[in-house]
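Structure incoming, see below.
Going by the order they are written in, the chains are A, B, C, D, E and F; count residues from 1 in each one.
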Amino acid sequence: MILGFLKETHDRRVAIVPQMVPKFQSLKCDILLEFGAGESSGYPDASYGDAIKTASRNDVIAHSDLISCINKPDESLLNAIPSGKHMISSFESYMDDQIVGVLRQRGIHAFSMDMIPRTTLAQTMDVLSSMASIAGYKAVIKAADHLVKYFPMMITAAGSIKPARILIIGAGVAGLQAVATARRLGAIVEVFDTRSAVKQEVQSLGARFVEVEGAKEDAAAGGYAVQQSEEYLRRQRELIQEKARAAHVIITTAQVRGKKAPMIIPKETVEHMQPGSVIVDIASSTGGNCELTKDKQTIVHHGVTIIGDSDLADTMPQDASFLYCNNLLNFLKLVVKDGSISPDKENEIIKSAWITM
Amino acid sequence: MYLKFALDIVLLIAALAFIIGLRQQSSPDTARRGNLISGLGMGLAIIAVLFGPLQGAVNNYGWIAGGLIAGSIIGYYAAIKVKMTAMPQFVSLFNGFGGACAVLLGTIELYRASAGITSPGVGELLIICFTLLFGSVAFTGSMLAYAKLDGIVNDAKITLPRHQLINTFLLILTCAISIYISAVEGDISLLFVGTFLVISLIYGFSFVAPIGGADMPVVISLLNSFTGLTSAAAGLIYGSQIMLLGGILVGAAGTILTVMMCNAMNRSLLNVIIGGFGSTAKSGAAAAGSQGPIKEISLPDAAILLYYSKSVVIVPGYGLAVAQAQKDCRELDEQLEENGVSVKYAIHPVAGRMPGHMNVLLAEADVPYPKLLDLDESNPVFPQTDVVIVVGANDVVNPAAQTEPGSPIYGMPVLEVWKAKHVIVMKRGMSKGYAGVENPLFFHERSKMLFGDAKETMQKLVKEVKAL
Amino acid sequence: MEVFVQFYETNQLLIWLLFFTVILGFEVISKVPTVLHTPLMSGANAISGIVVLGAILLLRQSEPDDYLTLIVGTLGAVLAMINVVGGYAVTDRMFEMFKKKKQR
Amino acid sequence: MILGFLKETHDRRVAIVPQMVPKFQSLKCDILLEFGAGESSGYPDASYGDAIKTASRNDVIAHSDLISCINKPDESLLNAIPSGKHMISSFESYMDDQIVGVLRQRGIHAFSMDMIPRTTLAQTMDVLSSMASIAGYKAVIKAADHLVKYFPMMITAAGSIKPARILIIGAGVAGLQAVATARRLGAIVEVFDTRSAVKQEVQSLGARFVEVEGAKEDAAAGGYAVQQSEEYLRRQRELIQEKARAAHVIITTAQVRGKKAPMIIPKETVEHMQPGSVIVDIASSTGGNCELTKDKQTIVHHGVTIIGDSDLADTMPQDASFLYCNNLLNFLKLVVKDGSISPDKENEIIKSAWITM
Amino acid sequence: MYLKFALDIVLLIAALAFIIGLRQQSSPDTARRGNLISGLGMGLAIIAVLFGPLQGAVNNYGWIAGGLIAGSIIGYYAAIKVKMTAMPQFVSLFNGFGGACAVLLGTIELYRASAGITSPGVGELLIICFTLLFGSVAFTGSMLAYAKLDGIVNDAKITLPRHQLINTFLLILTCAISIYISAVEGDISLLFVGTFLVISLIYGFSFVAPIGGADMPVVISLLNSFTGLTSAAAGLIYGSQIMLLGGILVGAAGTILTVMMCNAMNRSLLNVIIGGFGSTAKSGAAAAGSQGPIKEISLPDAAILLYYSKSVVIVPGYGLAVAQAQKDCRELDEQLEENGVSVKYAIHPVAGRMPGHMNVLLAEADVPYPKLLDLDESNPVFPQTDVVIVVGANDVVNPAAQTEPGSPIYGMPVLEVWKAKHVIVMKRGMSKGYAGVENPLFFHERSKMLFGDAKETMQKLVKEVKAL
Amino acid sequence: MEVFVQFYETNQLLIWLLFFTVILGFEVISKVPTVLHTPLMSGANAISGIVVLGAILLLRQSEPDDYLTLIVGTLGAVLAMINVVGGYAVTDRMFEMFKKKKQR
């Protein structure tokens, strides 16, 4: 069986890293890599050694049984893939209700990494977690880079610097990692989330949880947040408006699975923030938590820098690729048996991820 | 005359040996030596009493030697053979035998008085009755304590309704009989002696019956001090100063030890005696549910276990983060390392609530990176590990992931802590982890639970280890 | 009352000695760490086997043909000796665990 | 007396911040600010309040008695300044042996902030320290942003990430601050310096000092490093070559006052580094410690990102301005008496800083 | 007869009161009560002895009352008036008086024996000589100790060359005389008694003469146990059981206390007695240089000072960073806060070796930001602060910056720690800071030095505070 | 030797008592924290003033006209009483500093 890895078009990551190649081979897979796929992650083709073959994009597509690409394939790629092939990617089918139909119609057997359940068992293949973790870390680093002041407190001969105040909205994986990183850098961290369950998690990282009472809970949602009431959102917005004036950095990670990201920071709030402040909006790809966010862009509004980037993992490609590659390998262990593709149709994880089943 | 002098000096030395021996036993470094000194004191005392000048001595050394030797052999072998874990009940058993001896002495003296062989005064009779009564309580009480600890007897089965009332009645009754015997100057029938003996023995049994299994150590200590007192009383009967002082010493030491044991459990002595079944045992048992019994470990025992091990692995989990116990954990680590214990941390990939959660915490506590083992490094280490401390982790050390195909976490790689010699699990109660599945580890034969908030428990543990 | 006074006057030193011994008993134990409670209890228990001396004294004084006394006394000696020897041996085994560590 | 503040041309900082204005006024100075001078530090003109006047650049120059600009004035500015004016800036006279002559010739009374002695007493006005501190902090943040991997160790379900190894060369103020910041982020930090005295200082921050034996010491150099022997440099380069292959990030801050910065990391070393690594060269303005450094540029060579930036303080303009402003105020207290310029010629600090005296 | 019984019981109570009193004095919480109990015991003992039946009693209550009352009044006023700082020398003084009383008793008994009024046996004479000799040493020794502590006498002036030889000679001489007196059964001249008295007194003086001022507390404790022994001996002379036991108790307690004090100073008792001037005093004095004397504070005293203060400010400096003592510092902070002491940190802008150096360290130790005061916030706080602990800071707390216009740091704003009630300076020695200037703070009347590595010292300090 | 034996036999209990007292003296002090050394020394010192009882006994037994003894005894009483009262008072002042803290 041949496993093909495509080079990403707008992403520095690669789905396979050299040190993991032997593990893939022990699944009895041959590996075909598109020329230069790992280049931008710090893995030139040579670093993969002789064990794997490199080929042109078309050759990879033509000769592989299972094709892997990290990001949702665009139409042209889908069109290029012959019917009957298997494909692993993140198809974002929870956002795009067309895609499954398209794939089925084109006869592509698709496994979607972003549909793997968020259970304890599936953690080893949970790309959402591993990438969100990077995003949370990187969001803080980016904010520190753009902020016009220090994060930590400094009492120096040239004056005393107060520590930066950081507001983190949404304490999922990314949010928590942001909390940890900001606290490491010495900032004062406050966190908002609608799920009151995360309060303890936030405190377990030593940060303060700011509560807006009256959040709706839905344990059945499998850990994902549920859409909140209007009244709740209003009260939350008020409190945030207040806090935002005091914050030097806001990092927003609030997302609702399958829905547009909640708008939490309106334009007005931004305009009340101190010039030089920074907002990093990780939810930008689903619309952003800030009214002004422009996805994949960094804009300055009223002196406030607003970074809209949901693909921060891409800015740390080496570790991101390593983590993704691990996730992929662990998932493939469910899909590939003895060198051939034979996913266990009873397995919960396969059931969720095999979107064209 | 010189012999008497010499033996008197020997007795003084024996008395001092008891005191110094006990003193040294209260500090870990000298404890063993203290026991030896105390034992030597006992040997000296026996020799001195064996050969000391004695009015009206017939000696009967044959009988004596027979008794002493037989007792020594039995005692020695019993002590050698007993399993480490069964030691507390054996202490109780031994103590009961001491009490039994006092009962025999009291009975024979009472018999002699009733038979007119001797004619003791009021005071002496009171003392004889005291010996018999306290000896009996120590005897049957200890036997019952032994049976309870050994699991032969079930608490609930032997407690009567209004048991404390019965006990009070028995106590008053025995006291009344004692006073009566003394008042009539021993002019009683043999039957009466027998009745007194039987009632006393029953009282001893009944005294211990309502006390819960978990409180047995306290009770044994109390009964031990009773044996001491009864020995002292016997010393008065036989005019032996060393018995008197030795008995009083043990009586006093035993009493204060009993009180301290109660304090360590945050309970009062009265509460233990009348309160019935220990409350700690209850909470654990109630939560245990279907999966069989869990075993708790006390802080001191945990401290000893850790202190005297060679290698310890700490497995942190979300509970460590919630309790913010990372610094205290690090302190325990340092404390142990100082005493030559190698301490590592086994970090499960999904421990906590975000990737790298444990890393963040341990970095905060300044744990050096080389001490951290990841999953692949940890699992080969456990079989060579003496003690694993699981601090607020649950899912990540769940053996069901390997053994129960039906489990939602079946197939997840977990930390195989149960392969270590001992596992101490620190958590607040028996609640489940994030994945919401039962954890058979807690019922595993090698694991012992140490309940409480991780931070507090850690702090206390550090204190205990420091005291060693 | 008179009896008491007389008793006190004749046994004055012994009574002082008793009081001092009680205090010593308290003092000697009072600072023991919790970890040592159980072994210490065992150690004290061994000492309480001193009642064996009573049995010895009884036997030494008993008539050689007073078999009741002899048997009861010997039984007492056996039982108490089990307490003594067993007690010390068990205590020793418990303390063995506390062997001083080299590193300290 | 009128104190004029110019807008910097290539720098986001400003020498006066609104909250400090009253303190300047208590020196009996009127303040004239060039339009928009504070804008990029997050201080729009309005934020300064009514107490000070704003004016055009020419007006500021014309009406002020004492003119402040942070960076060394370029020729056109110098030409614009009428003779007899006083000026405070960092003239870099220790690098540029012409400048004092030029200033004298043009009749400008110049105080150079970078010539203030590095004594304990002068710490309150030591701009080199306050700005170097920012540079050290920011260098680490930038490195973290550019590095293709995490700084901290992470044991996650998708694999274990080893902590980043950071090599810091030169443990002056900037180097030490970099040490502190990198350690906060969880990296493994090693430090090189030629002065063995800083060994203790490095250790006092919990980092490892890597020693190359045989460094020359010169206590008389007033704390600045002295030029080292060739032999020493060779041995050092060897050791660094070795360490560099293992390092993910190198931050170089080695400078020798008045001389070109020592070249410590040759091209060859860079080419041996892992692709994706980062070098931040703070010494770039004086030639850089890395052979490949291009001042004010970020280049990528053999996959290694090399950031040459000696003006990192400029990227954190708000705090930088605040600190600079404090330094300036403390210095002005020596220069301005009772609303007129009358520096105490006997004062050691004035003697050093008044370069045209 | 009942009176005798009652008073006997009173004496028993008194004896127990001494024991219990001493016991309670060895734990801070009960110490004061312990002293009271012990005092009550003394009162009871005096009453019992005053009115107890006594063979050949003439009573002379007038004389006795006069003596007791006069002594009480003098003692009480002396104790009330003495300054806190002068207390140790007063303890010595009082002890000397007790010794003096024993000397008087011994002398008069010896005189009586020599005059043939009494005819004591060998044993009794030995005891009398012992009383006189030990009383003398306690008397003149304590007086000299008092004088040394009070600064009346300078160590060096009173030490002869080969002083230990002289002392040994005197010891042998006095012992020889004692034995001679006993051997001849008191058949000696009055002059001989006088000579013995004088030599004994000289020996006491000479015994203490070579011992350094810093070791005086140890010596006082030793002399105190001598007084106890001499009291016990006097108890034998007068057949008083309570004196005997009380004296022995103090003798034993004093001895063990002396040993413990030596241990706390890391020295042996022998070393103290023959070693001459204390070595600690030397190191400090040698380094002090021109600026006058420095005062050291002992760890326990520092702990007490901190524990019983309301507000403490910690001033960290580069030394804290070098020692990496930040976490221990934080522990002290937490320990004090737990006991209701408010603890803040005053951060000087240039403390350490880089801007924000202290911030980095304290953040690592998790000190909350609101506890950090900068220069402007700190200086107004110091005058209201009970204790400032300067941890490895030097230049930043140098008052020369305000007072010595010639100083290279003149004009730099510094932390005015000397405005606080007490300043404890922790550093390893007397070396200068970065700026290389002398620091008059170390010689300031309010500051006391606590030498040693900051981390170690902190750890020890935490331990001491925890013990309180 | 005989003397010793005789002495021991007559004073047996007293000697035991002495031994026990010495041990008690050691025990009672042995765990005192360093901070209490000085005040404890002072407290022990006050007890050592018990020598005043000797002076009292001397005085009570002296002839009313034996002025030498009376004066010496009274002087002794004064001195020892200073030790007692002064000692207790000073000790009390020292311990005053250790008043139990409210928060605990």
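Some notes on this structure:
Rule of thumb we're sticking to: contacts are C-beta pairs under 8 Å (C-beta built on N, C-alpha and C of every residue); 3 or more make two chains touch, one makes a residue touch a chain.
These figures come from a predicted structure and were not determined experimentally.
Of the two chain pairs considered here, A-E and D-E, the higher C-beta contact count falls to D-E.
In summary, the interface at C-E recurs among the listed pairs E-F, B-F or B-C; the equivalent pair, sharing over half of its contacts by residue number, is B-F. Averaging C-alpha coordinates per chain and comparing to chain C, the farthest chain turns out to be D.
Farthest from chain B, judged by the mean position of CA atoms in each chain, is D. Over half of the residue numbers at the chain A-chain D interface are used by both copies of the sequence. Centre to centre, using the average C-alpha position, chain B and chain E are separated by 42 Å. The centroid of the Cα atoms in chain B and the matching centroid in chain F are 41 Å apart. A straight line joining the Cα centres of chain A and chain D is 37 Å long. Computed from the mean C-alpha positions, the centre of chain B lies at a distance of 18 Å from the centre of chain C. With touch defined as above, residues shared between interfaces to two or more other chains in chain C number as follows: 14, 16-17, 20-21, 23-24, 27-28, 31. Within chain A, the positions touching two or more other chains are listed as 123-124, 129-130, 133, 152, 154, 156-159, 161, 184, 186. Contact of a single residue of chain B with at least two other chains is seen at positions 19, 23, 241, 245, 349-350, 355-356, 360, 363-364.
Those residues of chain D that touch chain A in the shared complex are 12, 41-44, 123-124, 126-127, 129-130, 133-134, 137-138, 141-142, 144-145, 147-150, 152, 154, 156-159, 161, 181, 184-186, 274-276, 303, 315-319, 322-324, 326-327.
Within the complex formed with chain F, the chain E residues making contact are 18-19, 21-23, 25-29, 31-32, 34-36, 38-39, 41-42, 45-46, 49-50, 54-60, 63-64, 66-68, 70-72, 74-76, 78-80, 82, 84, 87-88, 90-91, 93-95, 97-98, 100-102, 104-105, 107-108, 111-112, 123, 135, 217, 220-221, 224-225, 227-228, 230-231, 234-235, 237-238, 240-257, 260-261, 264, 298-301, 303-304, 307-308, 338-340, 464, 467-468.
In the complex of the two chains, the chain F residues touching chain C come out as 13-14, 16-17, 20-21, 23-24, 27-28, 31. The touching residues of chain F, counted against chain B in their complex, run 5, 8-9, 12, 15-16, 19-20, 23, 27. Interface of chain B with chain D (complex): residues 347-350, 355-356, 358-360, 363, 369, 372, 374-375.
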